[in-house]
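Step one of this worksheet: look at the structure below.
As written, the chains take the letters A, B, C and D, and residue 1 is the first residue of each chain.
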């Protein structure tokens, strides 16, 4: 199947969206203030009233991190299959098709090369609005390929996770993606190239329990839910209320699990600073390739839909409540 | 105690027993009748177990009386001696570790232990490890590497424990770290799923050069019950979920997740634990006999390649 | 705020200040008198600090206003950015770690941080680390090795914390492990005792290729107070204990425990923090300039030999 | 100074001691029962009534662990000096001389080669009755030399610790023994030779915080006090009672710090079993030297005085209350 399938449609621009009455105002899920949509988008989906970090669409994320015009998409050639013939209330195959059409990408991840304040990196950004960002064979493969290509090209790897965990419709093979992504990172380690893992809201289950917490630095956005087992599962197990702030970034920072919690507006600069220092060890200066020339291909500009990012569907919510591992 | 689908087998066994004691007490010769019944029993058992639904296999995998990890450690390897502690915060009884011997070679063993009765189940947290258990595993992987001791892991867990302390102590972090640590082992590693291979908590000690599974064991990304609750919004649909998840030994062999299925005695390992344990012993010895000539670099490369290949997708490029 | 033996210095400084403002207000020329007083001040300060007793040096080492680790991290290295957490149980504010730059080289820094006021002292537990702090250090030593980043440690602690949680979490274990981990670093490591080098809690981050000490800092196996309580059965004998322990910078140089004493501004680092910090910057840069050409194997061998030599005894063999 | 100094005196045998009325009965410090001295000694200094493990004299320890006639003493050629001219209520030099005369050894440790159920090992046994088993330059040096010689000769190292910590009368140099013993162990690690560390009552301060917890296996005797900071110090710091069993072997086993707690009568067999397994890795079989021939020299039979072992002096008690680190 040709790559073009995923990118041929001219998608509505932000301007188009803003013109629709439904999209004009949004309610902050932190302080419940009504926020003018354009303001929220301009503010990197951080509420101007309370600094609540809303979920951010993949392409806004790429745009925020990659130097202008530097992003070259790598992902997209790999497509999911329904290896188990999985059917619940609806066949997995049909579910996939409908979300692919909505998302204009084959699966829940976008990867590509970019520069970040001039530093050559591989970016891997997960799409929570695509079946809850669940990791099946394709997400695992794209992450593995991004890590390996980064190693080949002497780039650092920067991932931004957002996931309900493993994609249970792909059975044990989705579980195995935890090991697959982990072993793929070895290529980077062997070349002493940094892997900076950013955890965004929510990062759960099999993604948290594999590559996402194996960063040389693991940093989180404020207020993100980050866990192995979701709060609902734990509540059902222990039959008692969970502590305030449990499983949120700030809580995990106190528990020693994160290098830092970094507000979104500072993220790019801080990642660049970290990466520069990690690449400045003895004997490594000058070894890495110079920043790459700007790519010929335009950045992937798939759906930039804050409703999708802020809203929910059953897959996503179920995933967060009870992430598959 | 018999599983629902074992009822006719159980009844037939009872009849044979009765007939035997009757024949003995009354000193009559019923050997012909008994032999006929025994043949029927064998056929019935074979047929029943050859045609188990996936949900029934889940029940066998979890059956009371099925040999647990410590049963295997007592008899499928020699000289097992337990080592305790994660050197950090505790000693997790749900994940047992220690030294043992296979042939003339010292090995490091790690195994998830479910209870054999209610009291032990509580002590072992039903085989659900906390981060401390995985930290102990990683500590013993270090011992294995330092002393060139091959690693055997026995997998039997509903999953890593989902609790407050477990989350606070970095359950996700240690599972990821244990997967990574095991992938870096410079010694041969063999994993055997002996009962329930429950998601990440199982995989954390399952990144081996050879992964075996007992015939009636399962290995799954999520329990059928949880899967049903999420995807069907009804936990009672667990049998449907088990069907959909394709989580039985032969399903996993077909998917390439395991390398080999270890046959169980007819009627399942719980019918003849000694025989099941002996088969596991032979399997471990065979695997190490084959792997011991591989160099550390080869072992790492092979293990990485094994897991790097996992997955099914369409590649348009 | 001045230390007891700083009283005359302090008074003289006050007189000079008064004379200056008087001269300004009254527009009279007292420059001759002021210069004379300043010369007297310089002599007095030099004499006082050249003749400090060991107990007085202990007081200087602990003086309020003396630059703390974070003051050095802000200005003796560049681009310091803190990294948090031990990936196990917490983030210890008493032992700060992170990345920084020395010249064009990235480095890993670890430093014991005392408070600069009561509130910070409580937050920092007076610079007394828990096991979590040493676990964070070991985690960052791994980062240093992976990315070839030299290590700088700044030592300033009364000791590792003696408390229930600290013991439960393996204080002894992590100190031993940190000593071992640091001895295995494949990168250059430089340690500077900037204030109080308190026993094992200090040594845990002090197994470096070059160990420096500030002129008025101390490094001791036990605090003079505890030593006095045990050996004199009277904590008030701390001055005698300080004398007996030979714990000052020049004592340690003589014993071979440190490689070099870094001179402080006259009157101590607290009199001119900026100058003290600049001297430390220069020292770090000089040490790395020298060490950066050493191979990883040489660095490990040199570090091991350095500590293997420690001790004085009669060898009859 | 010649080695003979320490060994020329014909010391009283056990028989002599037993004849003295004072030595006939001892009070168990666990259950306070009166125990016939011979019974206690025959029972490895474990109370026959309550299994309390009394402190054990060095030579009984060596006799218990080494195969009969296999022990060859290595230690003794190195003697302490008073490098600091340390004087408290009494000069360190005088204190040393008096304890040396009582103990008939130069410092608080005995090391040597032996076989243990046929396995060639280096033994290092600390003497708590010698200035509280404190570690100064000599103890550090003997441990370092034992580790290095073990590595040279292909032996495992087995240490039995009993110490109040660093010897503060030797100042910062005693602190440095923590690093010295640690780096000396590297010689063993590099040859993949096991180090089994046994912690006996009490093991505290700088010994616990260096080589003694760096064993490939760390095992303890029942009921031993094992700590960094002594209970008295902690109580003074936190001004509250300590939990029951705090800092004892069984507590530390639960906290994950020990591989096992092993009763004294089982110690030799368990150490042998562990060592055999650790030496039976792939490619290591047959590499190690065969058990050595019995040494020409008789085992060191220095003071075998259970009163000393069970009693206390001010140095020892002070050390346990507030171990120097």
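Some observations on this one:
Convention: a contact is a pair of C-beta atoms (placed from the backbone, for glycine too) under 8 Å apart; a residue touches a chain by one contact, two chains touch by 3 or more.
What you are looking at is a predicted structure, and each value in this text was computed from that prediction instead of being measured.
Comparing chain pairs A-B and A-C, the larger number of C-beta contacts belongs to A-B.
Note on chain placement: the centre of chain B and the centre of chain C lie 54 Å apart, centres being C-alpha means. Inter-chain centre distance (chain A to chain B, centres taken as mean C-alpha positions): 34 Å.
We define each chain's centre as the mean of its Cα atoms; on that basis chain B and chain D are separated by 43 Å. In chain D, the residues that reach two or more other chains under the touch definition are 255-257. Chain C has residues 87-89, 135, 169-170, 173 in contact with two or more other chains.
Judged by the touch criterion defined above, the protein chains form a pattern that is neither an open path, a ring nor a star, and not fully connected either. For chain C in complex with chain A, the touching residues are 79, 81-91, 99-101, 104-106, 132, 135-136, 143, 146-150, 187-188, 292.
The residues of chain D lying in touch with chain B in their complex are 189, 192, 194, 216-217, 253-260, 270, 273-274, 276-285. If you check the complex, the residues on chain C that touch chain B are 87-89, 135, 169-170, 173. Within the complex, the chain D residues that touch chain C are 1-3, 77-81, 83-84, 86-89, 136-138, 140-141, 144, 166, 168-180, 182-186, 205-206, 208-214, 226-229, 233-234, 237-238, 242-243, 246-247, 255-257, 318-319, 321-322, 324-325. Put simply, chain C touches chain D in their complex at residues 159-160, 162-164, 166-173, 175-177, 179-180, 183-184, 199-201, 203-204, 207, 219-222, 226-227, 229-233, 240-241, 244-247, 251-252, 255, 257, 303-304, 307-317.
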